[in-house]
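Paired with subunit B in one complex and with subunit C in the other, subunit A is shared by the two complexes that follow.
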Partner chain A sequence: MSSCQRVARPITRSLQQSHVSHISPFALGRAFSQSAARKDEVPPSTTSAPAAEPVPSPASTAASPSEPKAPSGVDRDTVTAYWAERRLIKQGTPPVGSRRRRAAIKTSENIPFEQLPYQAFQEARKILQEDRQEKLRALQSTLASIKKLEETPADQLPGGERKKNMRLTSLRAHVEELKILADINDPIVKRKFEDGLGDMNKPIYRHLAEKKWRGYPFRLITQRIEQLNIVPDVLPKFEPTVDVQMYFRQDKVEPGEILPSLVTEKPPRLKVQVFNSGERLMSVVVMDSDVPNAETDSFDRRCHYLAANVPISPDQPSLPLSKVNKETQLAVPWLPAFSQMGAPYHRLSVFILEQKPGETLDIAKLKELYSARDGFSLKSFRDKFGLNPVGFNIFRTVWDEGTAGVMERAGVPGANIQFKHKRVYSLKGEKKQRGWEVKRQKPKYKSLWKYTHRIRGLPRYKGRKLD
Partner chain B sequence: MAATLSNLTSTLARLSVSRSAGCTSTLLHRTAAAPTRRSLTPVLSTVSVLSSRSFSATPGAAKGAPAKGGAPKASKRRRKVKGDKPDPRIRNLKISNPRKVPAPLRFARNRHLRHWTIHRAWLLWQRKEREGEERELMRMYQSMASACEELRTTSGPGTRDEGYLYRVAMEKKGLFGHNAVPIEYARPQTETPARIPWNHDWTR
Partner chain C sequence: MRLSQLHRPVVAAASTGAARPAAPRLLQDAFAALRIRGAAPANTTANVNVEGRRYASVKSQGMYRLRDSATIPKKMGAKKTGDSFVIPGNIIYKQRGTIWFPGENVGMGRDHTLFAKVQGYVKYYKDPLRHPDRQYIGVVFDKNDTLPTPPHAMRRRKLGMTATEVKAAPALPELSPSGIPNQVVREGFGRAPHPRDQRVYKLQQDGSYSYREENWRLGSLIRTEKRKMGSRRVAMRHRRRKSKAILLEMRRDREDKIARRKEALDEQRAARQKRIREYLARQKASKTADGSVGSPKQSPPTVQA
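And then the complex of A and B:
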């Protein structure tokens, strides 16, 4: 043992001994409980229903996931002894994180993030908290002015009803802006969102989620819409405003991916993330826009799945297509995607349409209209029921080894049909042969025949079938 | 003894930067008081062992050797344009634009969040300052404009007619120097150009 270790031995021993008794208060502190951050701040009183409380610090100390306690009482987060680790593994609750991490947590002071003693950081926090207080005051005053404006009758105001409504709309938009500005500079909010623990019922987390979505996934989806010509073919104009993710079993589908037919035999699972508050009813349509029609030499459309009245809210994004209610939600059951041999890829687009608020679609009517899947038109469906397409995803399918089996199991005829390209003959006529060799075919050039009579495609002499 | 103590604190300061950035204040106090940060106690013990050994050589002898070695070398070395040492501006230039760009910093999660917080606060503070300055300028401008408007609608002192003081206030003679006449007096500055903006047929 080196002299340094010998010197430090009594100190480290006392550290280890004292630290065991310090576990419980530190464990609470380590949860980075946001209530510690916001204890000094007075949350404003909510005056009206739409003013949801923008405090980003739910009292999550009770249900914090960062306090794993095994039945034996040994902390999963701070074990370092070999025997204690083995005991935890045997119990079925293995230790959390690497041994280095656990030793670091055990031997550090576990100060909550907001209280870390870095001067610039604390000064920055002071500035940001002052700004937050300012925003909360502005929020209160704006809410008060909205209330006052709502109460005054329109004829007393200059500009009348129209101006009053305009003012109310812009005041409410300003309230939403202030709600986001109050929390946008909070590192705890940022951390929670990045870890996926943000409560989507709060406007700040929805705002951050939308910003993240618009960074890459939205651009990808709009690119696919343009590349795969969804916009002129299926709908004349479409801008997605809702994030739709598609999973077949556990695998996420990249938009536009060509999937094997065995994978798409069972209906997928959707995750629909809306970015505005409130629960609403949505319809799901899966349609194939490339059903080949040999008679007309063009493509028809077919509906593979139709469900309506599915409740979606920001904190409930899950939409498993196989788990919808058969009586009240499912109109057309899932038909697996297939493409016959020789046909080009089929685009299977998944559309999420928002129903009018409070409106429920009649499933019996939908069954009656669209059970015959052929000739389905999304535009007419949208117009007939007053829907608004908000979300989109797409996958493609081609003929592969499993398609015949899939079609047979689904009871779809036509697995033995192969499509072939019809040859289009040019109207131009035969092209004249060009070249040095072509000009010297006649018997006059007999001495050159060994070079010139070897043109590919032309017989060497008259009567010979091929070269 | 005084030299070794000062060296001790300097080495402690250097080591403290590598161990935990931002805690130098507590570290410097610790040489006098009992240790408050337990994680840094082993550092102190190792540093005290090192410092007693590293400064055993006399400083006079150490300084003399390079000086003697440097003098005969200077005549053999090619003379630089700016003398022995490179110009601090050239040194600064070389450091600021290295041939190989240094690798980007990689922060741990907490470090990054602290950096982000400080960055947001700084930008916010700058925005507040900027907006405050703009507001102040706007306030001064508007107050001057309202004063001029007031003058424009006021009959001047005594028998002077309406707007006399305004017209006097708008004069700019002598503004850009003693007896200077501003360029805008050459031609009246109107809001719209004249009906005949340029006379192409003008001759002398």
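And then the complex of A and C:
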């Protein structure tokens, strides 16, 4: 029995009992379909007053449908069948939460938090509500003091302009903190975030998302940056602050994975999740930092993709590289990742660079500079246009069966080139060969030639038969 | 020399401070003769024995040191000095534990032996940014390069490879010079055989006129990799995958069967229709023939032997 079911068992039992005892099934169903906590459409706003206790009104109950249905008629809150889940994913409305949770919701009654029969739980909710009230009061008072401070001229304050600005910034930081603290203990907020339904324009959901990202994905990506030597090779210093996920053919790839060349033939879709408010313009660079160069006996770099002026905001994270505007955003079109036979793996790093606020890059200039692709330097690109690298992801590629076809379709020559390790000769001198057979190779021992084999590296004397 | 004999001058020196007995007088005199300087006062006679000492110039060479013949010499220590040229695989340092750590382009074996990973020059160095106390051995490509490399600088790398053009293997002709096919392909069973079940038999080139599967194809028949015994979740995934594969196979078989049945039915139907068509054509022909003759009445078709 799952934990959800275990939790729900006493409720269902009590409901069944009450159901048989006095309440009619119709009335019961209506009361619970109310479910303010479940469909809590009142967004947890930071500045407004706390959500009032739901007053069930029969009219609104009758008007609102019981659950938001997907266009296919499959409920994304309670779907458990594989085919239905797949259909929902195809439609772009993925099912909510885990399958286990959905099954639990399906089999249990839909009871809002306010009506749950757990006394300790209800007491705890009261405490949390009080705490929220307190935070909201603090927020109002801080906002008032900010306003007051802004209105006061700097020469009337101790410390002058500098002190005033310092105080204002610290107060604003405190406001942001209070906004998060007011909502952080709200179970509905927590559930909404876990279901992926949180509004990223609200500071609390951004805070939760960043906390989640800093947990494992951030550590993973920083480890990849270090292990794959991105930091000294591509950039001298780099710390990502933005979550970048990469999807090839709708499949999410782990950072640093070695991908088949057929998969990487088409450009990926990125999901760039920023954790601070507002829309900003970003540049996207995909570069290969391991292009082998046999003439110079070293590695070159190559630009595989370059786009600029891509708007990204917290609630608009999707960035399909194939869908950027050809005129205003795309500078260097996608070149499939490829690696020649025998060459060590290529690291293809995807960088998201933040442009200066309110500044757009000149695509024509970018095209002129980087259309050649070869010898691309991210460092110089960053310095030339005043960009700030914020996001990173990486995949690797090696020669495989599909690479020759990929290179042919992309019009890249060199599919028939193979790289081989240079022969390294031993530092020790040649040793004279020794042994009975070696000694008897000379014509002096002609009579013994029938018993000896010819030895490689020694001359074949006249009269010796082929063997 | 026995231990008691070795102790004797010390005993003598100790006894001189107190009363000097008559018996060891002889020894005292002998030491006095050995002394370089003249006779010392009585209170300094204690140091005298220590002063007159030969330096261990001979023994310090290790000539007389007894080696432990019961053990095998391990031959630890540096095998390459600083700035010496090495190639990949050359052993630079042998040690017990990590007295030296592997630095740039240097690897460490399972007994902590340090070896070169590239062709270059050995450098012994310390890298306080990496670790405050550790000492490293690295290999640089250029003799003038120094280690450690400055922080945030690009790594010095060499490809160490040559680019060669791959020549496509000449296609095998369909028939061998003796007129028999060079290879025979045997498909799997069923209507839509799986490519996995395809077998390719090649004509042997040793003049035996026999056909044989290539070794790599034979090898691919055997599953060598073991299932990863991990968590229950992994096991469950494998189970599911297996049952799904079986299900698909069954479904494929079923569809195959249905299709075969349908094909047979279609064939039958086609044959029947063909027969009817032929019959009608015959009818028509006979009708026209009869019409020309002038008998409109047509007898029902009779089976002709």
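We take it that the second predicted complex is superposed on the first by the 314 of 467 C-alpha atoms of A that agree within 3 Å, B and C clash if a C-alpha of one lies under 4 Å from a C-alpha of the other, contacts with A are read in each partner's own complex, and residues count from 1 in each chain.
Throughout what follows, a residue touches a chain if its C-beta (ideal position, glycine included) is under 8 Å from a C-beta of that chain, and two chains touch if they have at least 3 such contacts.
Fair warning: this is a prediction, and the values are worked out from it, not measured in the lab.
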Partner chain in contact with A:117 - subunit B first, subunit C second, else both or neither: first
Touched partner set for A:299, first subunit B, second subunit C, both or neither: second
First, second, both or neither for A:229, with subunit B first and subunit C second: second
Partner chain(s) touched by A:98 [first = subunit B, second = subunit C, both, neither]: neither
Partner chain(s) touched by A:420 [first = subunit B, second = subunit C, both, neither]: second
Common ground on subunit A, meaning residues reached by subunit C in one complex and by subunit B in the other: none
Of all residues in subunit A, those that touch subunit B in their complex: 3-4, 7-8, 11-12, 15, 107-109, 113, 116-121, 123-125, 127-128, 131, 185, 187, 190-191
Complex contacts: residues of subunit A adjacent to subunit C: 229, 231-233, 236-237, 292-294, 297-299, 340-343, 416-422, 424-427
Subunit A-facing residues of subunit B, complex: 22-23, 38-39, 41-42, 45-46, 49, 109-110, 113-114, 116-118, 120-122, 124-125, 128
Residues of subunit C defined as touching subunit A within the complex: 85, 87-88, 90, 119, 152-155, 157-166, 168
